[in-house]
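Quick heads-up: structures coming right below.
Look at the two complexes coming up: chain A is in both, with chain B in one and chain C in the other.
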Partner chain A sequence: MSAPLLSARGASKWYGQVIAVNDVTLDIQPGITALLGPNGAGKSTLLGLFTGQLRPTRGLVEAFGEPIWDNPRLNERIGLCHQYDNFYEEMTAVEFLRFICRLTGFRGTAARQRADYVLDRVGLEKCDRVRAIRTYSKGMRQRTKLAQALVHEPELLFLDEPMTGLDPVGRYEISKLLEGLAKMGKSIVVSTHILHEVEALTDQILLLAEGRILAEGDIHQIRASLEQHPYQIRVVSNAARALAVLLTADEHVSAVKIQELTVDREALTISTTRADLVFDSLPRHAQTAGAYIEEISCPDDNLESVFDYLVGQ
Partner chain B sequence: MNETQQIGAKLAEETPKFIRPDPPGFVRASVLIACHTVQKLIGPKRLIFLTALLFIPVFIVAISKHEGQADEFLSFFAPVAYLLVLAPLTSLFLSATNFADEVDNRTLGYLLLRPISRETLLFGQCLGSGFVATALILFSAAAAHLVAAWPGHITGLIPSYWMGEFAGFAAVVVLSIALYTALSSVAGLVLKRPVLWGIVYMVIVEITFCYAAGPPSKIAISHHTTRLLPEAYLTPEILVTEAANRPFEAVPIPVTIIGLGVTLFLLLGLAVVAVRRSEFTSKED
Partner chain C sequence: MPVYDQSYRHWKGSFRRSPLRWAPMVSYHMKHLMRSKLVWFFLLGAFAPALGAIIFVYVGYLEGPEVLSRAVDVLLIDSLGESATRDDEYRIMARYGMLSMLVFPQSFVVLSITSIVGSGLIAKDIRSNALEIYLTKPITPTDYILGKLAVIAIFIFLVTFAPAALVLLVASSLWEGFGAAALSVTPALFLACAITALVNGSVILGLSSLTKSSRYATVIWFAICFVSQATASALQEITREPMWQVISYRQNFALIIAEIMGSTELPNVVVSDPPHMGIPIALLGFATLTAILVLRRTIRAVENA
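Let's turn to the complex of A and B:
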């Protein structure tokens, strides 16, 4: 495993008596990582700590091996697209981006070219760039926000709810852009509540609730580690009842539910703590019962079910 | 090379080669932030309010036809209007909420996430707001002097006379604004309602103690800055009686200048400490 780009060691953040982030210890590896959690879980505070905008009350947060608080040189390597929709409203996107480019170190023509290139990259139309930002739609604002985060080609990019306000085409384009950035070797931390988009982007997740990290790592590994939470396996077959009889005899199967789909097709929902043994025994049982298995799926082997289960604990 | 690496390499080829520029130096970044601050402050609401405020002394001079003498205008009205009231007030309105406005508008993040230090940001904002305050006050003061010297207005204030003195007056105004801008920045960074507290400070300290006798007057910045004014502004017949105890000669002028310089340095130092410690969380967070 490569060295972490970002690490937190016992990081906590208090606002008076309220604890927003509680004793978080984690490492973020290169690639795309999704930061998930319900509202008020502490996602934005954690991003604030990661980007050096907030100082940990206790503990340490480091990026690229250096403490991030009060270290502006690290901002050359970090980009943040925050969740708020605020801008200098009277500026146009081009003016705003040129100003950001100049603050990053670009001068004159280079600043103009860089601003145009980044706005092209996020797909903001040329005719829209010269209008005041106050006239922009939510999607155009989102693109402008993303553009300012990409101006300096950061190695580590933080995106707080990047898909908010985008139409389906916009979401697709931004997803592709993020995938492209990840493939180019950028590391991205995405904070979002839109689970299916995260699933499409990455398997690496950080689940956060009440300021604590509930789970960290690959979604399938996390799911597999929840032994006390039974797996649901759905099997569609022409002889589901015969299969159910054989399955209920197995020790590792805790429950079987039958649902009629059509006259000759039924669905079995098998609850088990050992999905691997069920997958092993299914072909054998199907042969014994003379059943034809049309479809096997795991409805809860996805992010949403893991999220609901962990956050509900 | 696996498929992902191949796609990555292709994308890297299609993307123009990026050479990360060196971050801007302190001076360049400060000027960029100062220009941005000026642009932000020249918004309609604040500017209309300040222009109206700065028109008041010009208006007072315009309506006081034949009623005043040159000495009275130069030694009383101009210092009181500009050094005691308008310089601190304008600096307060323009500087105290620099960071607070950015925090409330949630735009400060765009600036803090650049490779420039917080001190640079602070200095740039002070420079920008100080520039706007200086331009507005000097414009108003020049207009007031011009109206006062208009034939038929204030007796004895001939243009060739006041123009020479005005340069010195302007220099003291610039120094005052620098001091009040630094003070307002500290207030803006450490207090919850900096404008309100600033007005309270201005009334209790700057106006009350400016012409007061004895040690308490030393805490007012205006007490020291008025002493630096050119001679024409220091012939206060009107003040002779009430300020009979005022020890004009007590401290030599160079010492006053050094003292004010040290005060400015200390105020900026305090502002730097405050800006480095602050996390700038919005009220809504």
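Let's turn to the complex of A and C:
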């Protein structure tokens, strides 16, 4: 395993009597990592600690092996797209990007070229770039914020709710851009509520609730470790009742629910702690029952259900 | 037909970590502020005394050196005596001219331009969350403060040093032998303007960092300037003690600038019975340090919000 890009050792952040991040110890590896949690879980505070915007009340946070707090040099290697708007509203996107370029060290023509290029990449139309930011829609503002985070070619990109306000096409484009950046070796930490888009981007997640890390790692491994929450397997068949009789005889099946879909089609929802054994036995049972299996799916082997299980605990 | 790579292109160049990395901030604010008619009004207004001085210089050039001698006699300096040389007259004229342009007519202009330029510099960043953008870029809080301070310094130099330097330049070119006097007064002039910029700039930025509204910063700024002035005047009237003038923010500047410009050679020009110079220096130094501490604290507070 490569050296972690980011690490936190016993990091806590208090606001008076309120604990926003509580004794977090973790390592984040290169690639895309999603930071998930309900409102108030401490996602933005954790991002603030990771980007050196916030000083940990206790503990240590490091990026690229160096303490991040009070280390502005590391900002050359880090890009941050805030959740909230932070522009000079009277500027156009081009002026804003050129200004940010110059702040980060680009000069003259290089600043102009780089600003135009990054605005192209985030998909801000040329005619929109020359309007004042105050006239922008939420999606255009989001693209401009993303552009300012990308403009200095950071190795590590932090995105706080980057998809907010984007239309479906915009979300798709930004997802593709992020995937492309990750493939080219950029590391990205995304904080978001939109779970299915995170699933499309990455399997690496960090689940937060009440300032603590509830789970970290690969989404499927996390799901597998939740033994107290049986898997749900959905089977659509023309002979669901016969299948249900056979399945309930299996030790590892704890419950079976039948739902009528059409006159000759029913759906079975099988609850089990051993999904692998169910998948092994299903063809055999189907053959015995003379059933035709139309569809098999795992509705809770996804991020949303893992999220619900963990946060609901 | 070639097919070009449409994927993301990495920046292959290098970044130069310049010690002037706050300069883009200055150019942005200058561009933005120069759109204001009020700023132009004060900038042009600041040149009015200089224009008067240039007319005097030109008349002196046309009429001959006697005009200058008469003006010196009339305006101020009986103490030079009969033995005063032309160089003495030039030197005193340069210092008196600069002092009278810096302290008296320019005082209100300096306070106004400081307020117009400085009151929104940080308040606006706090209001629009732009401060967070700065702090995610490779600039330090000190760079940020320097950038903002430089904006105010430029405007203060434009209303103090620039008109004074223009008069010196015109006088040097028209009056033979005035160049040496102009050169001797220039460092003092620069120092006086720099102190004005540093102290006023720090205080207005400190006030600006305490609020999201530039209006509040402006109100507090003028309150500090005029309430302290009124209090000082009232106490001086009541007690007949000139030491109370150090309560006045503006008067402290007048005292320091007069000292820098050599007011000892200019009897009755600025103040009578000036207090020990350490007092106004200590008071303005304290104001500057307090303002910078407030500024740094505000920036850190944003980082820890």
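The rule we apply is simple: the second predicted complex is superposed on the first by the 313 of 313 C-alpha atoms of A that agree within 3 Å, B and C clash if a C-alpha of one lies under 4 Å from a C-alpha of the other, contacts with A are read in each partner's own complex, and residues count from 1 in each chain.
We adopt the following convention: contacts are C-beta pairs under 8 Å (C-beta built on N, C-alpha and C of every residue); 3 or more make two chains touch, one makes a residue touch a chain.
Everything quoted here is computed from the prediction, not taken from an experiment.
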Clash or fit, chain B versus chain C on superposed chain A: clash
Which of chain B and chain C A:Phe50 touches, first, second, both or neither: neither
Which superposed partner A:Tyr136 touches (first chain B, second chain C, both, neither): neither
First, second, both or neither for A:Leu177, with chain B first and chain C second: second
Interface residues of chain A shared between complexes with chain B and chain C: 51, 53-55, 72-73, 75-76, 78-80, 82, 84, 86-88, 90, 99-100, 102-107, 110, 117, 148, 152-153, 180, 184
In the complex, chain A residues that touch chain C: 51, 53-55, 72-73, 75-76, 78-80, 82, 84-90, 99-100, 102-107, 110, 114, 117, 121, 148, 152-153, 177, 180-181, 184
Complex interface listing, chain A residues touching chain B: 15, 51, 53-55, 70, 72-73, 75-76, 78-80, 82, 84, 86-88, 90, 99-100, 102-107, 110, 117, 148, 152-153, 180, 183-185
Touching residues on chain B, where the partner in the complex is chain A: 4, 7-8, 11-12, 15-16, 18, 20-24, 29, 32-33, 36, 40, 43, 105-107, 109-118, 276, 279-281, 285
Footprint of chain A on chain C - complex, ascending: 7-11, 13, 15-18, 21, 23-25, 27-28, 32, 124, 128-140, 303-304
